[in-house]
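Pasting the structures in now, so scroll down.
You will see subunit A twice below: alongside subunit B first, and alongside subunit C after that.
Showing the complex of A and B:
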């Protein structure tokens, strides 16, 4: 990019310049690096990539969702048939939808209280860098490693967890093989992955609470539990709302862990809608139907997002 | 006096509870990694014993060597490094340029573009997998394609297919804009008075000032891209030469159905985790900034 400012790198200027007639006329190089043109050149890569990899795909996906297409023969336009099939006929779509809701809500219900309590302890503990390094390890670990680490831990007969339960005389469940438990196990692994991230958000919120509130409460004789419930939680409300809602939206669109840990099984009990869409596209080659599923899920997430923005405004969260 | 002692007792109790919780949590965070590490060191005989032997009696350190000699790990590692470095470099360039334009210039459409940057972050990635796959497949004049995108394979089976969709990050633009907002306008105006062009100002004067910001973005992108699985797997499923470490390990899982061979799989998993872990432990303070910047202001 820099060589654009160098006039010698430009094609030769045609007519010889007559300086006394037009003394301030800028060269091409000067014009390109002027305040008017420069911002557009700075934006150019983002505009180009944004058009090809953001705007175009949104419309392309909408078009594909209106066709029947196996990606090998030309697509056939079918109107809204894919949407109608998924919403009214498909026996599996709504199952995956409820699995998605279960996953998103479950990871909130389990993950948020744990993250909040640990963040509260973390913010007032010595050795923050030490704790941080430990609690963030899962978050920076690739999902394939996470899946294989837990596959061994959760193994029915010889995993560390069921061995430990057996040692205590308790029957260990089939964490990943029992259809009633597999989703809960997936949620627990996901909570383990996300804990560091949520703790960080909470501890940023906690750090912004002024110490004078705590001092005043202590002078009034409040104990730690009272301080936590009466001072911390109410003042942390904007952060709690933010974490709840962003986590919920992440949970609705997430499927990588299920793809590598359980492949959606057993009996499809961990197949969330996004994973169902992915398999429809790249295992069954039903590009049209898969795109329609993606759009339905997207619209649902969009509605949740709009509701979120309303709650944010009412809850006093000053974030985008 | 009695009040004071009961108070210091509760304070002591609270301290115990606080560190107790942190220690229990820390064990749950770290133990799975140790389990994987011990698994990587077990002999086949230890795995096949019933019940299996947990602490390896004869640690098989050689498994970490076999990972490189008996599996395509070197190819995966090379691919991971190439893809991660390319994406990191591209995102640093595109994000800092666009972030600078949005922070320091008034131009037609600037506001609209900033809104797009914010709004685009709300679009979930799954929506883009299918269309981007076929956009790369039918890209005109690339990989043997004609003007209409027919006849060849487009970008498929090339590093570009893995890298290009990640060349621009909306989050990165937003993050860099925040950092550029902190650079005083007077500095830019002074440079302009001295006759410096806008590009010289950006590359020579402003960029060095936001080096901490660039470091934050770099470590953030590095960790994200090294761990990226879904897209890389989708695009390299049929191109083993292009698979990255996590993707290669996952797609080769069929080779480890025998219990006796699983130590090797666990060793490979450890190898895939290690580079990020080391980078992260060295540079974690930059990572904190990337996660907190712009997320919560309440």
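Showing the complex of A and C:
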């Protein structure tokens, strides 16, 4: 191997300098703009943001969940005691867990069919953009305003809904005060809030279905119901599954509406796990226990999402 | 042009340099005291004027005011402490003290401040600020519970005086209650409310009225399983069972003239005056909490000024608090007393309280309860917010007829006693 820095080792007749000359060292600007460095530089703010606000809190919460910490004094390590308390001793945790599952499943069962049918109807209606805007309005309305409006509408004695039912000679239920139906009322308000968002997703899915499928089906004599069930629904499966997954995750971790609309009552029937966690952390100063509850909820969401993704792969994207 | 730019640069550098040199000197001379309260800018107006006056009298002191809503106040304090930006002075709710004291967040007041409090504040107010024998701050606003009743609704139902016993209350509540065709209450005979305090504070007040404290003396156990407590909750449940109240009928209906009676605190006065206007005195009546046994009584809760233990202006903060809570220049009221008076609130400071105009029919029963000592301070128990929420949950079970009072209070007692044992 020739030492190119040793002059004595230089050949008598210099070879063409193009190949053996010291490569020109790239300048800082060239290095930064190189394909190796530039993408990382562009992504650096997002990576830093993610590390600071997502990754670090996740690991910190895992640590805190193993401690007793009131945020005023140093955390005290307690091992799995917080998990043990929540899963085996706490008389309320499992109630809030089932309330959460009820809310998430209920909002899917009611919200998705309505959104899909309305989106399908509006693809055939005049003024699609107008209707989409109208149904999107709740999404851009502050949840506090939404809660107050619905509180007035659902009031037992003076609410517009019970007044209307009374006018028809029907009984007026305690929409937000009857423990048996308070969660159902909350789900209905949430469905109303989410309807525009889900409709928009379904509309996008419907727009991607080629008209030739519909033409072929109608030529074969299919009626509107058959077209919807045999053509639209199967071809909309990827969108349906996407909406299912995102809505389910949202439903499992949601609590803002309950915080404002019912404060978790009556009798704790609308206290979901996320709301329970919020009280644990910021009213009771039990940061360790709240973090453990967050991790239990996180693992539940993870398992459900993995199951849904498997279904998504088999019946959704792969099938089309 | 270039010369001019150079001149400008030279001047700018000079100014900057002078500023940098002057900054440490100014920092040494001036001390900033930060005060955090749940009162908003408008409510704080009299105190803000006092801050200006104090700054004028003490050129080395600068006072900054921070506001956080009541619901966010404790998390705000905690976040500030974690971030190392704690205010120097807080106006805290007395039941937050056990956790704040246990974690060393509050500075111990100097002996002279403790003596000042003992000498100038009512017994209930001092008790609210006391923990383990130490008084942790200077009491400010007192909130006392009494029975509020709508004179007109009671008169329409044929009653010209408020109830003295719970049996009378149940009878009047049944007579006042009105329902619509759907069977929903349009006028509640007696009402509770949706918040934790709307259930727990009346329950504690009723216990004091019956002569039984909610907790034992060293605050390590409850008295929820006492016959008095069980009887109180049974009677509450019966009001629901009789249809004289419902979860949908709340204290918010009282200002609307759609509630006959409720145990409420004096701070509602301003809201009720605004709601009833000129009819306020003819409509709203205040009476002692009905009771069958004991000498009667009620509960009060208090806020107080406390100083953060990490403050680097502790002495200056106590000096400022002493000034704010002592009448200046021959005034009748201290600065804090003036602010509370403007709010229609009651002061724990006996001089301020006697200087306030409390002679109206609404305020007098509340003041009498404070002065006579029949209003006992809310116990400063460990994890009070959590315990109150647990108790509210069990009280609701009885209201809904899903648990007996005895079972509900036994369950609440077991859970809360376990939490009290953590301290």
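Note that in this section the second predicted complex is superposed on the first by the 276 of 320 C-alpha atoms of A that agree within 3 Å, B and C clash if a C-alpha of one lies under 4 Å from a C-alpha of the other, contacts with A are read in each partner's own complex, and residues count from 1 in each chain.
Please note the rule applied: contacts are C-beta pairs under 8 Å (C-beta built on N, C-alpha and C of every residue); 3 or more make two chains touch, one makes a residue touch a chain.
Just so it is clear, the structure is predicted and the values come from calculations on it, not from any experiment.
A.B. asks: Clash or fit: subunit B against subunit C, after overlaying the two structures on subunit A?
C.D. replies: Because the two structures are overlaid on the shared chain, the partners are seen to clash.
A.B. asks: Name the contact category of A:27: first (subunit B only), second (subunit C only), both, or neither.
C.D. replies: neither
A.B. asks: In the superposed arrangement, does A:226 touch subunit B (first), subunit C (second), both or neither?
C.D. replies: neither
A.B. asks: Could you say whether A:128 touches subunit B, subunit C, both of them, or neither, answering first, second, both or neither?
C.D. replies: In the superposed model, A:128 contacts neither subunit B nor subunit C.
A.B. asks: May I ask you to decide whether A:71 touches subunit B, subunit C, both, or neither, giving the answer as first, second, both or neither?
C.D. replies: Both partners, subunit B and subunit C.
A.B. asks: Pick one for A:282: touches subunit B only (first), subunit C only (second), both, or neither.
C.D. replies: both
A.B. asks: In the superposed arrangement, does subunit B or subunit C reach more residues of subunit A?
C.D. replies: B
A.B. asks: Please indicate which partner A:172 is in contact with in the superposed arrangement: first for subunit B, second for subunit C, both, or neither.
C.D. replies: Touch partner of A:172: subunit C, not subunit B.
A.B. asks: In the overlay, one of 27-35, 81-89 or 225-233 from subunit C clashes with subunit B and the rest don't. Which one?
C.D. replies: So the stretch of subunit C colliding with subunit B after superposition is 81-89.
A.B. asks: Name the residues of subunit A shared by its contacts with subunit B and its contacts with subunit C.
C.D. replies: Comparing the two interfaces on subunit A, one with subunit B and one with subunit C, the shared residues are 71, 158, 282.
A.B. asks: Contact residues on subunit B for subunit A in the complex?
C.D. replies: Residues 10, 14, 17-19, 21-22, 25-26, 28-33, 35-36, 39, 51-52, 54, 93-94, 97-98, 100-102, 105, 107, 110, 113, 116, 118, 120-132, 134-135, 164-165, 167-168, 173, 192, 197-200, 202-203, 223, 226-227, 229-230, 234, 237, 245-247, 249-250, 262, 265-266, 269, 272-273, 276-277, 280-281, 284, 287-288, 291-292, 294-298 of subunit B touch subunit A in their complex.
A.B. asks: Given the complex with subunit B, which residues does subunit A contribute to the contact?
C.D. replies: The touching residues are 1-2, 4-5, 29-30, 33-36, 38-43, 45-47, 49-50, 52-54, 56-58, 60-61, 64, 71, 114, 117-118, 121-122, 124-125, 129, 131-138, 140-145, 147-150, 152-153, 158, 160, 163, 192, 195-197, 200-201, 204-205, 208, 223-224, 238-239, 242, 249, 252-253, 255-256, 259-260, 274, 277-278, 281-282, 287, 290-291, 294-295, 297-298, 301-302, 305, 316-320.
A.B. asks: How about subunit A: which of its residues touch subunit C in the complex?
C.D. replies: Within the complex, subunit A touches subunit C at residues 70-73, 91-92, 155-158, 162, 165-166, 171-172, 174, 176-177, 179, 263, 265-268, 279, 282-286.
A.B. asks: List the residues on subunit C that touch subunit A in their complex, please.
C.D. replies: Those residues of subunit C that touch subunit A are 74-75, 78, 81-82, 99-100, 102-105, 180-186, 194-195, 246-248, 383, 385-386, 389, 393, 396-397, 400, 402, 411, 415.
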